[in-house]
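Pasting the structures in now, so scroll down.
In what comes next, chain A is part of two complexes: it sits with chain B in the first one and with chain C in the second one.
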Partner chain A sequence: MADDMKKLITDYVKREYLDEDSDQEIDENTPLISSGIVDSFSMVSLKTFLEKKFEIKIPDDKATPQAFDTVNNIIKLVGEFKKGV
Partner chain B sequence: MAYSNKAKEFYGTELTGIKNNGLLKEERFIKSPQRANIKVEYPVGSETKEVLNFCANNYLGLSSHPEVIAAAHKGLDERGFGLSSVRFICGTQDIHDELEKKLSEFLKMEDTILFPSCMEANAALFDVTLDKEDAMISDRLVHASIVDGMRLCKAQLFNYKHSNMEHLEEKLQETQSCRFRMIITDGVFSMDGDIAKLDKICDLADKYDAIVMVDDSHSTGFMGKNGRGTHEHCGVMDRVDVITTTLGKAMGGATGGCVSGPKEIVGMCRQRARPYLFSNTVPPAIVAASIKIIDMISKNNERRDKLEANALYFREEIKKRGLDIKEGTHPIVPVMLYNAKLAQNMAKDLYAEGIYVIGFFFPVVAQGQARIRVQISADHEREHLDKAINAFAKVGEKYKILGKKKDEIIAMYGL
Partner chain C sequence: MSNIGSYEEKYKSFNWKDSEKELEYGKDGMYNIGYYCSDRICEKGFGQKIAMIWEGFTGEVKKYTYDDIRIYSNCFAKFLQDIGVNPGDRICVFMDKIPELYISFLGVLKMGGIVQPLFSAFGEEALFTRLDNAKTKAIFTTRKHLGKVRRIRKTLPEMTKIIVLDAGEKPLENDELSFDMAKMPKVDKFDIFKASPETPSVLHYTSGTTGTPKGALHVHSSIISQYITAKWVLDIRPDDIYWCTADPGWVTGTSYGIIGAWANGVTQTVLDAGFNVSHWYDFIDKYKVTVWYSAPTAIRMLMKEGDAPVKAHNLSSLRHLISVGEPLNAEAVVWSEKVFGKPFLDSYWQTETGSIMISNFPGMKVKPGSMGKAVPGITAIVVDPKTYEPITKPGLVGLVALKPGWPSMFRTYWQNKATYDGKFKNGWYICGDRSSIDAEGYFWFVGRDDDVINTAGHLVGPFEIESALLEHEAVAESAAVGKPDPINMEVVKAFIALKPGFEKSSDLEMSIMNFIRKKLSPLAMPQEIEFVASLPKTRSGKIMRRLLRAQEWGEEIGDISTLEND
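What follows is the complex of A and B.
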């Protein structure tokens, strides 16, 4: 389950934020926000994606750059709001 | 007095952090009018130095043009210094109405409303026209004022990869159930000088029934055959719905901005836009000078054509000398250096050579995309351009980057 989620989020980040010709590798520990791959403005669409996909509501005060900085952090954040993960 | 030591220490630490991270923005004191050659005191306290300015948005070189200054004087003499009022109380003069009509005519839009700046026009537009059941679909590299404007609006926010039309289409498909969709883009993107694909954006807007909004701040006055902006340049004059733009760049460079578009949207701004309702009116001297500028550039394309020729010359020559630039046609010419420290050091050395330019790096541009942004003006003469080109070649030689491409520069200096 956790692996499925990891793949789902990693694939989304690659598709949504990297250019087609990018050779950037992304794994569960790659910094996303602090490295500039996802800027704070674009983070909104990541939050919307997570909320729709996992049928959760992430409060704005929890949607911090730190909480979104790696796929692992995101999985942890989603886990806080989604039962059974 | 409640400004405690705790607060003092907190802000002081924040500022130290900004400085230690190399992100401190310093002001340089200019002791002359804005133009191609300026007198600058930098660092503060040092002797005044004459340098060539290659970092102003003074595209048409009108910031200190004698006819513009004379028109501003006339406005000051005939309509006074300030109006001590917002527009809807007692801050609207006949010349404000005249300027709004002239802007509508120049941009070929139905109606126009003035704002104190384009920042405020962008802060107003989305909040006034869109609500929770609507979607804002924005290019990811839009100007910070648009980002802030969207943050003030309750509509759902989506963004697409920079100038990526497939990604924009995905977002339009995702938002089919929304009441209104607005596609939001800069006409010219300020860091790269690249132009939005407005023809394709308008095609998608037609296909998915979306409103097209363009911030044309880096275009109004000189992009397109008659300088009307990117909608003219891209051949979509009647297909862009709303334009926001500034009078603070090519159009004299003082201040002021506007929303230009359908009379209903402009009407809504006039009734509900908080930055319009609660900010003072644009001062008469600026309004009078702006009217003069529209008259000047409507009658004569000379400055626009000179700017175009200058940009082309600079781009070609700087490439010949081995500098790596972002390709394009716009007077914003990014000289790519990739490494932040290299961009800072080169800008410093260029200043010593009498060329005033600034290095840009993360977070202003993406990580690993550090550059010096050169801005060309119609005020530049050929000898100014040659001096800058020679200085870039000299400083580029010092850092051994001439003829080097991205990978080689990164290999030498890192990201």
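What follows is the complex of A and C.
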């Protein structure tokens, strides 16, 4: 389950936030926010994606740059709100 | 004692000639900004002083002395000359906040080019609009952003030079050029272009309610304003460690992240990393930042995290804090004084003005929530929105108006003189903002006088968003307005009527959001989408955006007599 989630989020970030010509690799520990791959404005669309995909509601005060900074952090965040992960 | 000393005395006795004299502007016929930000500091004996400490998101640190800045900017200037770029050509710098951005900015100016900085998060359509309008000849970028440039270059016939900083081993395409600054031969002596004070220097794009973004054209003598306001408002002193958090893709990042800072010979710091509260405090602590010029959005994000992260760091080096971008709310001023021991002082200006126009000054009584008073050399008033006559009664709201004539005033909108001329009424430059002035001369911001959306201090034009939305396959018609946001002041909200055959869904919502983010920029992406059956229109068919905006802000809807009857 966790591996599926990791792949889903990583693929989404690659597809939506990297330039289509980019050959940059992303893994579960790649910094997303601090590296500028995902900026604070774009976090909104990433949050919407997570909420829709995992049928959860992430409160605004939990959607911090730190919580979104890596795929691993995101998985942890999603886990807080989704039972059974 | 602050640099300005007594604000009242300086305001009364001010003469731009004194600032020119202090800067030695025009000495030996030299007016070029590039010289004043590097060579002049070296000639004063500060060539070995650190001009820039840069830190990347991985923690990598690079330091450049003023002599490095001088030599490397010479190097880029010569490179441009060698490849056939001429004085007056527009050269775009399109990259993240890396050292080469700051240095190439001066390099372009040194060879007489007009430098066109563009925010690196712009998508290809936003990039295309601005390059096409400016008829840009050359663009300097990095691998990270090269894909966007490649996808639009065929439609930009004037853009014949694509220069890549980090080409590396991977081959470039066609006639793309490599410029690896660190590996280029050093250019110690360069014949700096003999600009006049009125020679165009910087072309910054800004958004309006209608039409495509407009290029505000500045000239070399803007440095006189930028120099003196950096000294008096930012209170920059020789031993300061200065941090301007703005990106040079926007005017604060060039006027005060490059020109004002380096004309004053200060050591400045640059952090090229996404926003992170503890990283920012670590950065201040690590480099002992003394003067911090930031933005209300960032300050409110820091505020949101509370006092604990502040207490976990040693921020005692901070001496002076200033804010710009959108109005700084009173709560943020009060909070900053409580946690940092000194308040963030608000400053007000815009792309067109090139430098700070109204501000709170060190030593002046702070009224939390106020923009402050007019900068010495600037005549600022509010005028009646209909007659453009000055409003003299304290507290009445009018349009902020400035008496033209300060050095950093923009000289025109690129290829758009009619719009430029339209900004002047009764001999005043009308800023497009509403404000009142109290009995003591303090300005109090009320709001924009048009539909432009101010999100995190950046102006976003609704027309540009709506035009892009219509390119989405599902969108029949749309309206983009600013909606209140506790952190960013405003964020973009889009009202969308769908084409037949499309149903509203969260998938579609995300598809539209990401479509705009990639096409224009993350700033322009609607943070909220409301699907509607149709949009309110006038009888002549024009979408009544102001009605939707008023609805978002809980304001009076006003005159709707022209509203179409459905």
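We adopt the following convention: the second predicted complex is superposed on the first by the 85 of 85 C-alpha atoms of A that agree within 3 Å, B and C clash if a C-alpha of one lies under 4 Å from a C-alpha of the other, contacts with A are read in each partner's own complex, and residues count from 1 in each chain.
Following the convention adopted for this analysis, a residue touches a chain if its C-beta (ideal position, glycine included) is under 8 Å from a C-beta of that chain, and two chains touch if they have at least 3 such contacts.
None of the values given here were measured: they were computed from a predicted structure.
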| item | value |
| --- | --- |
| Winner by number of chain A residues touched, once chain B and chain C are compared | C |
| Which of chain B and chain C A:Pro31 touches, first, second, both or neither | second |
| First, second, both or neither for A:Asp3, with chain B first and chain C second | neither |
| Touching partner for A:Asp19 - first (chain B), second (chain C), both, neither | both |
| Touched partner set for A:Glu55, first chain B, second chain C, both or neither | neither |
| Which of chain B and chain C A:Val44 touches, first, second, both or neither | both |
| Which superposed partner A:Pro65 touches (first chain B, second chain C, both, neither) | second |
| Shared chain A surface residues [contacts with chain B and with chain C] | 16, 19, 35-36, 39, 41-42, 44-45, 48 |
| Residue ranges of chain B touching chain A (in the complex, touch as defined) | 140, 147, 156-159, 161, 164, 362-363, 366-367 |
| Contact footprint of chain C on chain A as seen in their complex | 16, 19-22, 31, 33-36, 38-42, 44-45, 48-49, 52, 61, 65-66, 69 |
| Residue ranges of chain A touching chain B (in the complex, touch as defined) | 16-17, 19, 35-36, 39, 41-42, 44-45, 48 |
| Footprint of chain A on chain C - complex, ascending | 57-58, 96, 121, 144-148, 150, 272-277, 279, 301, 304, 455-456, 506-507, 509-510, 513-514, 517-518, 522-523, 525, 527 |
